[in-house]
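Shared between the two complexes below is chain A, which pairs with chain B and chain C, respectively.
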Partner chain A sequence: MSRRVAFPPLGTLSLAAESYLQALGIETVAPPPASRRTLDIGVQGSPEMVCIPCKLLFGHYVEAAEQGATDIIMLGGPGTCRLGYSAAQQARRLREWGLSVRTHTLDLYHVHHDLFRLTRVFTDGRSVRELIEPIRFLLDLLSLTDALETMALVARARERERGAVDRALAAALERVAALRNRRELGEQRDEILGLVRAVELNPDRPVLRVGLVGDAFTILTPFLNHNLEVRLGRMGVEVHRWFHYTGRIQVPLPLLLRRDRGGRARRAGRRYLRRDVGGFARSTVGEAALMAQGEVDGLIHVAPFNCTPEMVAQSALIALQRERGVPVLNLSFDEQTGPAGVVTRLEAFVDMLWAAHRRGE
Partner chain B sequence: MRIGVPRALSFYRFHPTWAAFFNCLGIELVVSPPTNRATLEAGLPYAVAETCLPMKLFYGHIRALVGQVDQLLVPSIQRLAPGSSNCARLIGLPDLLRATMPDLPPLIAPDIDLSQGLAALMSVILEAGALFTLNPLALRDAVAAAWSAYRSSRQAMMEGRLTPASFDRPTNVVSWLPDGLPIAVVGHPYNLYDPFINHQLLTRLARLGVNVLTPERLGPQPADDYWAFEYELVGAARLALERGVKGLIAVVAFGCGPDAILVDEVQRLSGERGVPLMTLVLDEHSGEAGLVTRLEAFVDMLHWRKGR
Partner chain C sequence: MSEVFLGMDVGSVTTKLAAVDRRGELVASLYRRTGGQPIQAIREGLAQMAERLPAGVRVLGMGATGSGRQLAGAIVGADVVKNEITAHAVAALHFVPEVRTVIDIGGQDSKLILLRDGIVVDFAMNSVCAAGTGSFLEQQAHRLGITVEELGQRALLSEHPVRIAGRCTVFAESDMVHKQQMGHPMDDIIYGLCQALVRNYLNNLALGKTLEPPVVFQGGVAANAGVVRAFREALGTEVIVLPHHEVMGALGAALLARERSDGQPSRFKGFGVVQAEVQANSFECHACPNLCEIAQIRMDGQIVARWGGRCDRWEVV
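Our next item is the complex of A and B:
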């Protein structure tokens, strides 16, 4: 039986992953986007107290198997957080549920290495030279979607017509999904970026800048965070999201030699969190420390309820708040979280930031 | 010099080891008093709301020591084997404390990472020891004393002569009933041996005519688990089931990262053997009455099954 590979729906990453796999000549299955049903399956198949990303991922794996996937790429890897352990548990649960799929774990702590390893598994050991072109295509795709999303996060605050940015972004992403190779991407890149750039903005509208830090999975899944980024944008807030895929996959260099943002963030965060506690905690704190040096008016820390690494990050942010005076709003999400509570807190936080802004703080 | 040790978390695993090390260097360890309501209330303002109860009590024990001691011993326990992991809070413990409490005395915070081999561990010990003595021979003796204390305390706990509750003060070691009902209570020692956190679970079980087997009585901890203290739940449950216990009680704290997943493993093990399992989830809101009712019902049910 031929291989049909599924990647869990994770924003623009899955879009790029699917194009990449197709460029390698591998058949892919796109699981349906996150829905209440996905989450219900996940809740049913997971231990009660694990975090909501774990539960949602399990729901995605089951739905991918239902769509006819033979191979599922799971997110995990030791040292990440509970995902490191639960990926193995989830693979076993899939078999217990009678779903005959092969599972492959993508180690989030060693993305460079695992990208190669998994690619070679799926292409039955194709030579490394033949993989260079598809991998460059993948990196270019991610850099394009990152650029699109970054533009949209800032532009939303100033759009003249409500929803115009989101419509342009959706159209642009549709064009990205249709790209087949790096040549097409090179030809159409400017045109695609132009779709979002062309949205009419109001340059005079006063806006706030808010940094979004915390668990990447929750930040990147509007279904989990009740459309946080869009809501903030429409409240007149430029969102600076800490997590981007570009820069995640890079040449590993010693920290002292790294002049990129990731390296600077690590150095800025050492004062508040020295040890690597797993998950994204150290990057979260580092980015928050960088942003607090005048890049933003306030920070929103996003975490799944009971995420252990992010609880450590949250404590470290207490020190940042104390020393730098930057306001921090903590939001945690689980399957019981409703949109009304999120909106109320966002509105109160934004009001408070405006009040501080007017006082000239 | 007085070094403070909070009676929380790692205290219940490693206190004899630390005490031997520092006593050998002629340094007095001051352990915070046993947990009570005031400990919890002192800790709560410093804790992130969602964190687990053992962590909140840890903060409370630190508050009891601030102002009383010159330094605090707060190690960061990271990995016990290559490819393994530990709870984020236990790894980041010194960082957490520094971030949330600005008025702390200096911390002695070595990074314990056994995956790097013995040489790396020794260099960590030498670094921490250099705060007290520059004499390498004195340090070597202290390390030897600590190692032998670790081994003898493990042995004494396996034989039931010592429990983590009696590390620094004598307590009654519960005697073994000749025809008691054998039950295993699995969980981390700070959840089992702090009577405040679990409403005196072990004493209550003894009063109900139960012989309690706890993880440290069951066997040595294997080093190759994924989570550093996975054995205390899963490994111990497996050993207990092999010994033919009639019931299993898993004690976990609400919001514990590793245990959220490990409880599922314990459930699977007990299900395979058909041994009843009760899971107790601890938080600061759990009342005593609910616990007593559940315990009595569970033990009654086990007696009834035995008689059948």
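Our next item is the complex of A and C:
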């Protein structure tokens, strides 16, 4: 039977991953977007104390298998975090549930290595030269989707018509998903970016700037965070999300030549958290420290409930908050979290930032 | 003719109303149970409030807060719908302008608000556990066969409080039963419980925060002298309990409506809304696999509010 590969739905990453696999001539299966059902399956198939991104991912894997995937790419491996072990456990659980799929782990701490390794597995020893073009296509795709999302995160705060930015973003991403190769991408890039750029904004509307730091899975999954980014945008908040795929998957060499934000973040965060404690904790603290240098009015720390690395980061953020006087709101999410508590906290936080803003004027 | 700004705080356990005049002085207030029937509580509360206000009173503005603020806003017509943190901070500042710490413990949630120079600089709310809130104290009072008011008074008599495990209500209860069986005096167990509640509050909400005086303690639980004593001892500072501590949220909402007022007519629908027929129903949306529960509120047959969806589909009425 021919290979049908599935990648879990994780924001624009899955969009790019799918186009990439297709460019390699690999058949793909798109699992349905995260839903109540996905989470229910995930909760059923996971130990109670595991974090919510782990649970949701398991639900995605099961739904991918139901859609007829033969191979599933699993995300895992950020150091000492539980997600590092969960891919192995989840592969086993899938077999226990009688789902015969091959599983492949993409270690988020070794993205370059694993991207290449998995590509080699799926292309069955095709020459490396043939892979260069698709890989460049993947990187360009990610850079385009990052640019689109970054624009939307800022533009939402000033949109004149509620929902206009999200409609434009959806239309743009649909165009991106239809791109087949790097040539098409090059030809249509400006036009696609223009879709979001064309949304009518109100330049006079006073806005706040808030940095979003914390666990990337929770930040990138609106289903888990109760649509945090859109809610903030509509409250008149420009959102600066720390996580961008380009920063992670970019080829190392050009990274050295550019302003290396990752490195600067590490240096800025060293004062508050000296070693890697797994997950995204180190990036959380580093990015928070960078953003606190006047980039934002406040920080929102997003963590899955019970996440050990982010708990450590939270303690480090207390020191940062004290030293730099930057307001920090901690939000933790699990399958029990309802939207009411999130909304109340966000509203109160925004009220608080405005009060400080007016005081500062 | 008298003129007032109204505030309504619809909480999970109790519903509070407050009316202030143009100068921000409290004119009348009301504290009643929500009783799991928020719509009923809003209508009856408003009717009771009308009786406490002079006949022919003019409502210049209306503010709603509490977990049921959207519902209250939709039914009675609010000019301001604000979160509880802001409402409580505004109310505390109104009475104690130099306040630096606000502790609020209600029926099912607790808040901590830190202020500096009259503005909120940090806050926290309990997230996953209700072990430190009013409902639990009430349960325990009931189990011991005394009223909540008595619970506070008995706690003051304690000389050697017993340490009660306060992390979780279930464990606290078994620990209390155990201590009773060991023969500890009831007063000491009760005060031990108050201390456990305070410990739990400080561990959960005050993590890494400095609670500086003046400290204002508000919300229903502030009526409990035992908990006030436990806070005073734990913080090593005076704890201010204001006369209207239980309606501070509503008061804050009224003050926010007053602040907002710019001579424009209020959206308040009038005390007549208590006669309106209010119906709530819900349905499951099948547009995507999320199957959101959408709730809608009808007044005299007209849909006034709809919520519960993860997307915008049903939001706009």
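The definition used in the following text is that the second predicted complex is superposed on the first by the 348 of 361 C-alpha atoms of A that agree within 3 Å, B and C clash if a C-alpha of one lies under 4 Å from a C-alpha of the other, contacts with A are read in each partner's own complex, and residues count from 1 in each chain.
Operating definition for what follows: a residue touches a chain if its C-beta (ideal position, glycine included) is under 8 Å from a C-beta of that chain, and two chains touch if they have at least 3 such contacts.
Keep in mind that what you see is a predicted model, and the values were worked out from it rather than measured.
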Chain B versus chain C as contact partner of A:S315, first or second or both or neither = both
Does the superposition put A:T344 against chain B (first), chain C (second), both, or neither?
-> second
With the two structures laid over each other on chain A, which partner does A:R37 touch: chain B (first), chain C (second), both, or neither?
-> second
Of the partners chain B and chain C, which touch A:F305 in the superposed model: first, second, both, neither?
-> both
Would you sort A:I135 into first (chain B), second (chain C), both or neither based on which partner it touches?
-> neither
Does chain B (first) or chain C (second) touch A:L99, or do both, or does neither?
-> neither
Just chain B (first), just chain C (second), both, or neither: which does A:V207 touch?
-> neither
Have a look at where A:G84 lands relative to chain B and chain C in the superposition and call it first, second, both or neither.
-> first
Counting only touches as set out at the top, which of chain B and chain C does A:A164 meet: first, second, both, neither?
-> neither
Shared chain A footprint, chain B vs chain C, residue numbers 305, 315, 318, 322, 332
Partner chain C, residues of chain A touching it in the complex | 32-33, 35-38, 163, 223, 226-227, 305, 315, 318, 321-322, 327, 330, 332, 336, 340-341, 343-345, 347-349, 351-352, 355-356, 359
Show which residues of chain C lie in contact with chain A when the two form their complex.
-> 67, 82-86, 117, 119-125, 127-128, 207-208, 288-291, 310, 312
Chain B touches which residues of chain A in the complex?
-> 47-51, 78-79, 81-82, 84-86, 89, 272-279, 281, 305-309, 311-312, 314-319, 322, 332
Chain B residues within the chain A interface of the complex | 48, 50-51, 76, 78, 83-85, 87-89, 91-92, 94-96, 98-100, 102, 111, 226-227, 254-261, 263-265, 281
